[in-house]
Amino acid sequence: METILGIAVDGVAYGTILFIISVGLSVMLGLMRVVNLAHGAFAMMAGYLASYGMQSLGLPYGLALLAAILLTVIVTLPLERLLYRRIYGGNNELQQVLLTIGLTFVIIAIANYSFGPTVKRIPLPDLLSGSVSLGSKTIPLHRAFVIGLGAATILGLWLLLERTNFGVRLRAAVDNPAMAEALGIRTERLYTAVFALSTGLAALGGVLGAELLPLDPYYAIRYIVLFLAVVAVGGAGSILGSVVAALALGILDTAGRYLVPNFGEFFFSAALILILFRWPNGFFHRRAA
Amino acid sequence: MRGDLMRLPAFLENHRARWGSVLGEPAVLPLMIGAGILGYFLFPEDLGLLTRILTMALYILSLDLVLGYAGIATLGHAALFGAGAYAAGIMAVHIVQDPLLLLLIGTLAGGLVALITGALILHAHGLTLLMLTIAVAQLLQSLANKWRELTGGSDGLSGIDPSPVLGLFRFDLYGRTSYLFALVVLIVAYAIARRIVRSPFGLACRGVKEDPLRIAALGGNPRRYLVVMYTVGGAFAGLAGALTTVTTGIVGLDSLGFTLSAEAVVMLVLGGTGRLYGAIIGTVAFMTIHHILAATDPFHWMLFIGLFLIGIVLFAPGGITAVSEKLAQRLARRGT
Amino acid sequence: MTELLRVSGLVKNFGGLTVSSNVNMSLKAGERCALIGPNGAGKTTFVNLVTGVLKPSAGTIYLDGQDVTKLPPQARVQRGLIRSFQIARLFPTLTVREHVHLALLQRGQKTFRLFGSLRPDAATKAEIEDLLAVMGLSSVAETPISALAYGLQRLLEIALALALKPKVLILDEPAAGVPHSESHRILDALDRLPADLAVLMIDHDMDLVFRFAHRIIVLAQGQILCSGSAAEISADPKVRDVYLGSRARERA
Amino acid sequence: GVIKVGVVGPFSGQFAQGGENFKQAIEVYQAIHGKTVKGDTVEFIYKDLPQVNPAQSRALSQELIVKDKVSFLAGYFLTPNALAVAPLIDEANIPAVIFNAATSIITEKSPRYVRTSFTLWQVTAPLADYVAKQGVKSVVTAVTDYGPGIDAEAAFKTVYEKAGGKIVDTIRMPLSTNDFAPFMQRIKDSKAEALYAFLPVPITTTFVKAFQDNGLKETGIKFYGPGDLTQEPDLPSMGDTALGLLTAFHYSQANPSALNQQFLAKHRELFGSSDKVTFFSVGAYDGVHTIYKMIEAAGGKDGLKAVNAIKGLSWESPRGPVTIDPVTRHVTQNVYLRVTEKKDGKLQNTQFETLTNQPDWGYPGVMK
Amino acid sequence: MSALKGHLEAKGLTAGYGQTRIIEGISLSAPAGSRIALLGRNGVGKTTTLASLVGQTRRHAGTLTLDGVDLTELSASRRAELGLGYVPQTRDIFRSLSVEENLVTGLKGRPRAALEEAYAMFPRLKERRRNGGGALSGGEQQMLSVARALLGQPSVLLLDEPLEGLAPVICDQLMQVLTTLKMTIILVEQQVDRALDFAEQVIFLERGRVMHQGAVADVRNDHALTERFLGVDLVEQTGTGA
């Protein structure tokens, strides 16, 4: 019983971080049909910025977090204009792979050059660095904070995309850009907005998740498969899907490691194959197609 | 009346584009042989690198069959390569050392793994398929890591010492035998691959790639074509893996790794998909550039490779071959 | 005449929506039949059920006396049940000739020849040329679909269906996108079909339907409303109400 | 003339710290000891090999031999990449001096391998003995599931059980682990008195943090490991969570010896800082020393003769006294017990006990 | 309300896809509230003409104004905002959106209550409002496409074969609705008789050029015209039928 509680709590905490980072990737894939392999690089960029802000400029945690997200969005927006815009759409996948891997390489090289290959740290404020006890289980306060923020993100995103005209117009623009334009929808602006939203979420996750996913230049590649797994299991573009997928994978991974530590990796890949076999379109496939 | 229905200019335009790519084709094989022999004499000290390029080219060629001709999106192609590499390696350590036999074993292993996994996963599409291919490769990789007695685990499988080719040609320090051996294998494999893509089966696969449902409406089972093509690609990838084992004498977990899978896609797209020779050109271009950059600046080559890839997308969207074909066409048009 | 296609008790639900409720019909060899009905009546769904693209919620489909309800689409095609698509569905980079060739290879089950040649043998070649000529596609044989006029794509759709040597041919809006003035091409092509073939056509172009069909079945809200000859149908007030409308009177 | 040495190492990628250490240590050595040996200039050629890729390792090494005509190969950060060159160096009769790769089997595979780093057996065996002697009754081991990790586990288990201790659980963690919380839970549940752990960078940081965050430190479970866990460049990012960790290792920046101080000072002089110096640095530094000695003996020719010439060679290294074992061709050296503590506001590994002359306990026949 | 808006004026429009030019120097003038039928055989460039007015093709030459405002350089979305409404030949339903959401995309800032107008016009859509757009039948998609365009209250409505795939009764209804609309309408249609019943002006296209422009009455009386441009003898067809 205790074990189950432990696995559940750790799994949810881990899953929430996966969610925050992956949902941006999912939204972009679902809406713009871009497999953005540089998503991890954007998360990492924010992590580095936050680390720099705190360690070298002495900013407080909250401010560093906000500044890092903002800066990441500002830095990546021109990329949307100059690069991504050329590769939107479902029949450009191969171009997307080439471009976003190239971009990832460049970001890794820059991170390596400016910050060196060692792991960088984002020190937690005292307020978040303790632990709380849940019965016999100790969880770091920071994780509780992450879970809370994750929940807020879910709600906010869902409202934005499913319950506003903005969301409808956005999904229309993605579905058929030429027709959306002909109906007076400014598709370019929408794409820019979604791109900013997506990188913003990556940035948020990159900073919040630095405790789990250590910040070194290879962050950019190391975790992208994991994020993609969340998107695939959840169904591209589905918020609810990302939530369920991230939590499911987080818990599975945690359970595998706890129960069969020596075969943890094996267990995870096998579970992933089974899940995708059973739900080839993800848990929450978008309506019709 | 019918004249109205015919749209002549558009027809001519597309027609020319198609022939542009097909006409260049017959020359590819002699060119490859020529360039291969020339390479042998021009760069006698770089045969190690050149051999790696040849084996990689074979591997990328196998990916082109799968991705370029059947539209199977995969980021786990290394699973098939690694299966061939390990099969050949394990056999070489324990049972046979004849290089040709080892290649055969690798081919069979790659094909078999492709057949089994393909039958399991090819009902999926898009990102799901992509993830399934990744997961299959990861599964095999952790299996290889776990099964240390057989595979050497993370230390790699060493102690592979293939006997001389045909009992005559020893694998030497300078890599001459390796190079010529790899060259012959690549050329033969290329010829076979070309035969396959121009067969009725190849035509049907193109159809499946463009619209699987329509193939079903013609009475074909799209999934069967996919599985068969995946198996064929797997056999070629396994051959490439075995060739790498034979020419380097070691197999590591990296031969099942994500990096190898992802790099393959990069090289193929760089060269241009669905052409076979695009695979060769992409491999040569990527590996040469990589080698030069890594040699001149081992510390920051990633930046330049990254910029290069971005540049390709911006300025040569269909890959190197597509751009050169377009250029050739423009020249040809000016000529006539 | 032999009964080639029989559908009995066919039901299809999408969630709570019943799109096909207990449809029974049959097609005999040599019949020229049309299926008409209001938008959303379930005509395309019916075709999808019969061809196996959709799985019925209940009911049985017999082809040439055999129960094919559980067979996948391609197996039904191999048994001679062929359809054309409402929106032309072709392979964009393949040429017209390649399409026909592929269909013939497919029919002869020759598509798993990995090392075979793509050069057709004399008989195949003759058949390809013949089909192209019949449909008036010879002059565009080397054109890839991406550059082919829509009207010609529709004709190629029919050529492909013919290449498969159907026993039962289902045409879903074959004239859509073809001007009324040119729909005769399609009729011409259909006229040349072997006489023992059963054809079911769906279209909203009543000129075409009335000229083509011996028997017309009217579907409404997933059920067969009535069936009969062109004259009977156009005179039927129910049909006029739900489908034909006022103009029918002037035109029929 | 010029004698060339080819260095294969990770100069980009996630292990780039190791490559940088190699290169800087080589330059420091040459700055202190000169660039020439008996009139021959020693020149280093670098080849980048960022990850595990034995085939590439072999191709690069072959290129160094055939094209660049090197007389020595050196570097080799990762075990599989080192293993890949065995047939090559035998055929070309060229010595390969391993600056890092730490699995015991390597030097068995060719008589031309010389290793100046350490092995996990070498530092773990004395640690296990020490832990047992401290009266710790039960230990749980947690290692990364790859060659060096399995070596570490085997070394600890063998020695500790022989000394009468009890291993209650052996956990092998996938190399790709991000979240260590489940392992921490399992360690906690094992109710062992102490933990022995080995992981490679960069996940060491996460592991050490997870140890504290999941409340294990408070439970009083003791934490032992090889020095990989608390490498100096990583200490700042671990922060106070690293305080009090007890590690066994052959090198610490905080080694008070005069030679080490000289070594660090030269580092600061050439590169502005010595903060990033690690055991990779001394591995390379001493590796260059053996190469110089081999050149003295054989002049860059006949690799086997060169290797034979340095068998049994002893000298004083920044890490302390070292000897090349004539049988294993691996460096015999002191292993220090260290504790991580704060000095002048900076974390460091303070050595508090020396276990002298430790061989590679993992080489067949060394452990009786 | 001020005077009727929707005076569309094209001069010398030359446009196409990529480098190929499909239409050459098309000029047309559609006064506010006028109804024009654009006719011609398959592939003569009718769709391309409408798409060029909307701003979806590549323009090589020519100008376009709407009520004196120059649209030539404006994007498709700006043109739509200024009053162009479009029902494309391919319908272009947003397949991943529900029927209701599809309609919302046409609102152009109007309140959601306005959706009832669409539902009143096509009750079928109301029944299917929660359905995915991609799951609609062919005819239902056509209704949705028309309704979506009308919700934006355009001053100029461009219709590309709106009757295709519709049941005859629905065709009747739709034509009925169109006749009551107070806006400029340019209609492309294969059902020539219906188009002529509806329009005031007729334009015939051939090979991307305007070959004839005139009042409906003239066309009706001139069999040679329809014979030449459409390949039918209209009188005969409407007269006897099948």
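Worth pointing out:
The chains carry the letters A, B, C, D and E, assigned in the order they are written, with residues numbered from 1 in each.
The rule is simple: a contact is a pair of C-beta atoms (placed from the backbone, for glycine too) under 8 Å apart; a residue touches a chain by one contact, two chains touch by 3 or more.
Keep in mind it's a predicted model, so treat the numbers as computed, not measured.
Seen from the Cα centre of chain A, the chain whose own Cα centre is farthest off is C.
Averaging C-alpha coordinates per chain and comparing to chain B, the farthest chain turns out to be E.
Annotation: 44 Å between the Cα-based centres of chain A and chain E. Centroids built from CA atoms put chain D at 38 Å from chain B.
Each chain gets one centre point, the mean of its Cα atoms, and the points for chain D and chain E are 76 Å apart.
Among all residues of chain C, those that touch two or more other chains are 149, 151.
Looking at chain E, one finds that residues 41-43, 135, 231 touch two or more other chains. Residues of chain B in contact with at least two other chains: 5, 7, 10, 13, 142, 145, 300, 302. Across the interface of their complex, chain B is touched by residues 29, 35, 83, 86-87, 93-95, 97-99, 101-110, 112-113, 225, 228-229, 231-233, 236, 263, 265-266, 269-270, 272-273, 276-277, 280-282 of chain A. Those residues of chain E whose C-beta lies close enough to touch chain A in the complex are 54-56, 75-77, 80-81, 84, 86, 88, 92, 94-98, 101-102, 104-108, 132-135, 148-149, 152. Those residues of chain C that touch chain E in the complex are listed here as 14, 37-45, 86, 149-151, 173, 176-182, 204, 206-207, 210-211, 241-248, 250-252.
Interface residues of chain B, counted against chain D in their complex, comprise 45-49, 51-52, 142, 145, 148, 153-156, 158, 161, 173-175, 244, 248-255, 257, 259, 294-295, 298-302. Contacts from chain A toward chain E in the complex involve residues 165, 168-169, 171-172, 174-176, 178-187, 286-289.
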